[in-house]
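Structures for review follow.
In what follows, chain A forms one complex with chain B and a second complex with chain C.
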Partner chain A sequence: MGKVSNKKYLKYLPLLIIPFLPLILAKYSYLVMLLCFVEIYVIATTGLDVLYGYSGQITFATAGFFGIGAYGSVLIHKYTGIPVILTILIAAILSCLIALIFAYPVSKLRFAFLSLSTISFNYVIYQLITRSPGGITGDFNGIFTDRITLFGISFKEFQSFFYFGLVCTIILVVLKIFLINSRVGRAFLAIKQNQHAAEGMGIDYRKYKVYAFGVYGFYVGFAGALYAHLVGFISPETFAETQSVLFLIMAMVGGLGSNWGPVIGGTIVLLLNDALGYFQQFQLLVYGILLILFIVFMPGGIIGEGRKLIAKIKSKKEVDANVES
Partner chain B sequence: MFINLLMSALLLGSIYGLIGLGYSLIYRASGIMNLAQGDLMCVGGFLGYTFYSIYKLPIIPSILLTMASTFVIGCILEKFVIRPIFRKSTTTSVIILATVAVSYIIQSLEIVIWGAAPLAVPSFLKTPTVKIFGVIYQTEQLLTIAVALICMFAIHIFMKVSNTGKAMRAAAMDPVAARSCGINVDKTTRITWAISTTVAGLAGIMVGPIYGVTITLGTAMSAKGFASAVVGGYGDMYGAILGGFVISSLESFSAGYISSALKQLIAYATVLFILFVKPRGLLNAESVKD
Partner chain C sequence: MRMLKVDHMTIRFGNLIAVNDVSLEVRENMITALIGPNGAGKTTLFNGVSGVYNPNDGDIIFCEESIKGRRPSYIHNIGISRTYQIINLFTEMPVIDNVIVGMHGDLKSNFFDSLFHTKRHRAEERECYEKAHELLKFVGLDDKAYEAAGSLPYGAQRRLEIVRALASNPKLLLLDEPAAGMNSKEKEELDAILREIVKRWQLSILIVEHDMDLVMGISDYIYVLSFGKKIAEGIPEEIQNDPNVIEAYLGGDD
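Presenting the complex of A and B:
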């Protein structure tokens, strides 16, 4: 037994390098900054995975909730003076509440209508940001804000933010894994696979659909607030509808409904997105082709297809071993 | 003021309605929404520009050629993109995502072929303006409204009277039963897609002289088109046009009487409200079956 569990944890050994990455990359502060963005997008994609990957509800409103988190935290900090570290949490809870309220009427909609309502929601949020009452959001010009401070230490440097973000990411990813392995997570999966059957088993499907939206709202809002205080400046383009598709691409590429899919997908697509920044005219083409490729040929994402491949190799080895004996 | 706003509402509404018509048709045929509809409209606009302004063809052949090309594009799209995905996976959400991918690919191809700068299409009518009730209008504006109404009736009659139309409706209602009656469901689905892209392309030509053709117009039109389809009653031909007028009136009257900054917000908030309260739209698809 001991041997098996040792082996099980052995594969996570390379992950131990992550905390040392900023030290290794100390000379390249741009790369450290990218790592900070990776953390933020991993958190958001993790939340999206709970909603889309596990409870099967597609959403085009991720950028909207990201915006609620970002603007929520910035505005609360600006007008009440509450320390940033708390406003991030408050904004995430606010985003969660808005998601719950939004989800209640939405949970009865299915398929195309669900996508329509989330697209409309994203537009409404975008319009509110760009044409806010009294211009409190700075409209199209954006708004500047403070960095995170904790016990008098400011996480202004990307290196220090990285460790703060890493702690948040680990906590949130582990929490998600616990949630998915609980009763609630199993209910999500049951609803995704067959809503009527789930209902027959006594699962109140609307309740769980609303729950999933709440979790999603919290994660995405949290990520949005982190984003605002990492960059120190937010403007509406980050929260436009096309950004919502970027999150969906991250979830698809990593693999829907898996523990590590959002982590892998968020990392890869964010790095790709940054590299594509130099070839702006091909950005949309690459995303379009990437989406189609993953939908048609690799529906399980990198995680799912990787597992299939490993299983194939293993079974082949077993067959070989049997033949030899 | 009122007449002006009403006219601009009618004009915008007919364009939204034409896009919404495409959404409804595809929803009827495949049960999904095609988020690339607005970009297909832009393709129509660009093709119209190419035939009319670059090749200097007369207007009628330009329009016919554009419609023929968008028809073919619709067939290709259905056969080589949508159908393989349909075969692979059963979840609608994935297919909707695939249409977003299609919209991205169309947009980048448009940039490669026609460039990113907006194109101004010259007016294609001999009398560019007409005066009604003391207000001057572009003739294309009136033409667009007429085209939208004609398309609505034509498609409705086509669906109701012609054999192909009947087959299309049957295939949409129950593919298995339709197949057992000898209907070629694959073919009818393809024709439906082709017709809806043709309608979008037609809208594109009409938009050209009025607003000019830009790539970004596509995304905005996709959104407005689906909004009108939802408001009117998703899957209903008359509903799509009606919804188009509802959305455009909301936009232009709130811009005129409240504030132009709020017009988008009001339009989308209304869509959300209708989805929450009456997801079947104003014309209930059940009660107005054609």
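Presenting the complex of A and C:
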């Protein structure tokens, strides 16, 4: 909350190119589709960052909540006929509510027990998808989904989906930054850094841990719903617990607990993921190695290490300036 | 007037009785000290009052309300704020945010105010930062407001803990060895700060401290613990000449 100067916003100038990317890449519709995926994963990773990066609760249930959003939206649309654009929101709220209910008992747990309970949760969701009552999810066969329509226009083209996704991404990323720079965000950080002291300062830590899960559920569910209506067909393997690790890698590569870490991490890992698409059997191997490398050598992620580098250069400049004078 | 009454408090850990049937009182606008040799149960008593431990026996009355068995966050929010023996700051947060976290319970913004940065939230945040800067000026840390709390020197971290505890406008401030690890100059500053706090904030202080010069200088009333039991109480002059206290500190024949 330092002094705000116009200079501060200059560095965001290159971001202005983003809305024009689909026009530039118009010929390569595959790349535009990738950008749509980037948006979806940035939203999910942003939610994950609130939970893990800020409130310090690890989770391996991200793919599960992603699935709740995806199947939630598709099934609600299928059985009620509510427009897809609304079912996305409804599914996100549903995912948020499930996260809140799940979090209430789980907020007591830490470290290994929290990890285990989230893994189990993901299993439960996966089982429900693959062995659904009455086979409404299509079980292992998957299910076809409808496209998003707004005012009678279908976002079947990746270009139109991109702009819709971009609006959602911007709103959700900005709201997250708002939330973090507030009383609630400070409480999250306080709990992560020192739960004992946070409680001594009057913070009801369980309440805020549950809040963090709710935000996470909403973001990941929203992303899952967008995903379902982008790809047109969803099947269970996308929501298996191994996929949860992918989201964690995105968050860690970008940098936990930062405004832009999830955006950078989501983008880079998604593009990498696509490049590795040809070597699917090695995907998990590469993720594993990547995760270990980042945990050991770059715990701050790209954002954290970048900041360190800038600080180093700055202090070196100061030293040089002192030597010269 | 009586502010806090610890009534026959007992805290046991298995067979060890850390606090044994101790009663004490803290009066308004006074500095009350709790002293005793290492392992006397002073910090355990603090933890019993602030809700970290639930006493096995006895009662704690704060402003006519029994707070025994309440959660630390509840106890903080009704007006008992504390510092810790082992510094317990949010080390990676900026100094000023540490102070603002201390105000958490007083802020009215709810989740949705925070999410959408409503007018109420923005006004409240502005107020918070102003108040936090004032508090930091009071202990001479305002120029370090945006540095990480963990990067401060030891004495400064102690002072930061005190203003963080003050940020919630408590009625009672519990200070657990605030002078530990301070040099003599810092101790003098601390002495002045504590006196000023009582005057300006109109609150009571209960302090655990090993530095006898500091304790005898600022305390209005002193309780002495040894092996979990209260062995003496009185004004500083009485305590200095109490044979029980001298024996407890220097060791008796038995």
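One rule holds in what follows: the second predicted complex is superposed on the first by the 320 of 325 C-alpha atoms of A that agree within 3 Å, B and C clash if a C-alpha of one lies under 4 Å from a C-alpha of the other, contacts with A are read in each partner's own complex, and residues count from 1 in each chain.
In this text, a contact is a pair of C-beta atoms (placed from the backbone, for glycine too) under 8 Å apart; a residue touches a chain by one contact, two chains touch by 3 or more.
Predicted model, so just to flag it, every value in this text is computed and none were measured.
Asker: Would you check which partner chain A:Val38 touches, where first means chain B only, second means chain C only, and both and neither mean what they say?
Answerer: Neither: A:Val38 stays clear of chain B and chain C.
Asker: Return first, second, both or neither, reflecting whether A:Asn194 touches chain B, chain C, both chains, or no partner chain.
Answerer: Only chain C; A:Asn194 stays clear of chain B.
Asker: Just chain B (first), just chain C (second), both, or neither: which does A:Ser182 touch?
Answerer: A:Ser182 sits against chain C, while chain B stays out of touch.
Asker: More residues of chain A are touched by which chain, chain B or chain C?
Answerer: B
Asker: Please work out whether A:Tyr211 is in contact with chain B alone, chain C alone, both, or neither, and reply first, second, both or neither.
Answerer: So A:Tyr211 only meets chain C here.
Asker: Between chain B and chain C, whom does A:Ile90 touch in the aligned arrangement: first, second, both, or neither?
Answerer: Neither chain B nor chain C is touched by A:Ile90.
Asker: Have a look at where A:Gly202 lands relative to chain B and chain C in the superposition and call it first, second, both or neither.
Answerer: The answer is second: A:Gly202 touches chain C but not chain B.
Asker: With the two complexes superposed on chain A, say which partner A:Leu109 touches: chain B (first), chain C (second), both, or neither.
Answerer: first
Asker: Output check: A:Ile129 vs chain B and chain C. Expected answer is one of first, second, both, neither. What do you get?
Answerer: Neither: A:Ile129 stays clear of chain B and chain C.
Asker: Which partner chains sit in contact with A:Ile98 here, chain B, chain C, both or neither? Use first/second/both/neither.
Answerer: Neither partner.
Asker: Would you please give the residues of chain A that touch chain B in one complex and also touch chain C in the other complex?
Answerer: none
Asker: If we count contacts the way the header does, which residues on chain A are in touch with chain B in the complex?
Answerer: 52, 56-58, 105-106, 108-109, 111-117, 119-121, 123-124, 127-128, 131, 241-242, 245, 248, 252, 281-285, 287-292, 295-296, 299
Asker: Would you tell me which residues of chain A are touching chain C in their complex?
Answerer: 1-2, 175, 178-179, 182-187, 189-190, 193-194, 196-205, 211
Asker: Within the complex, which stretch of chain C touches chain A?
Answerer: Against chain A, chain C makes touches at 50, 52, 71-73, 76-77, 82, 84, 88-93, 97, 100-102, 104-105, 107, 109, 111, 113-117, 121, 124-125, 129, 146, 164, 168.
Asker: What part of chain B is in contact with chain A in the complex they form?
Answerer: Listed in rising order, the residues are 27, 31-33, 81, 84-85, 88-89, 91-94, 96-98, 100-105, 107-109, 111-112, 116, 219, 223, 226-227, 230, 234, 261-262, 264-265, 268-269, 271-272, 275-276, 279.
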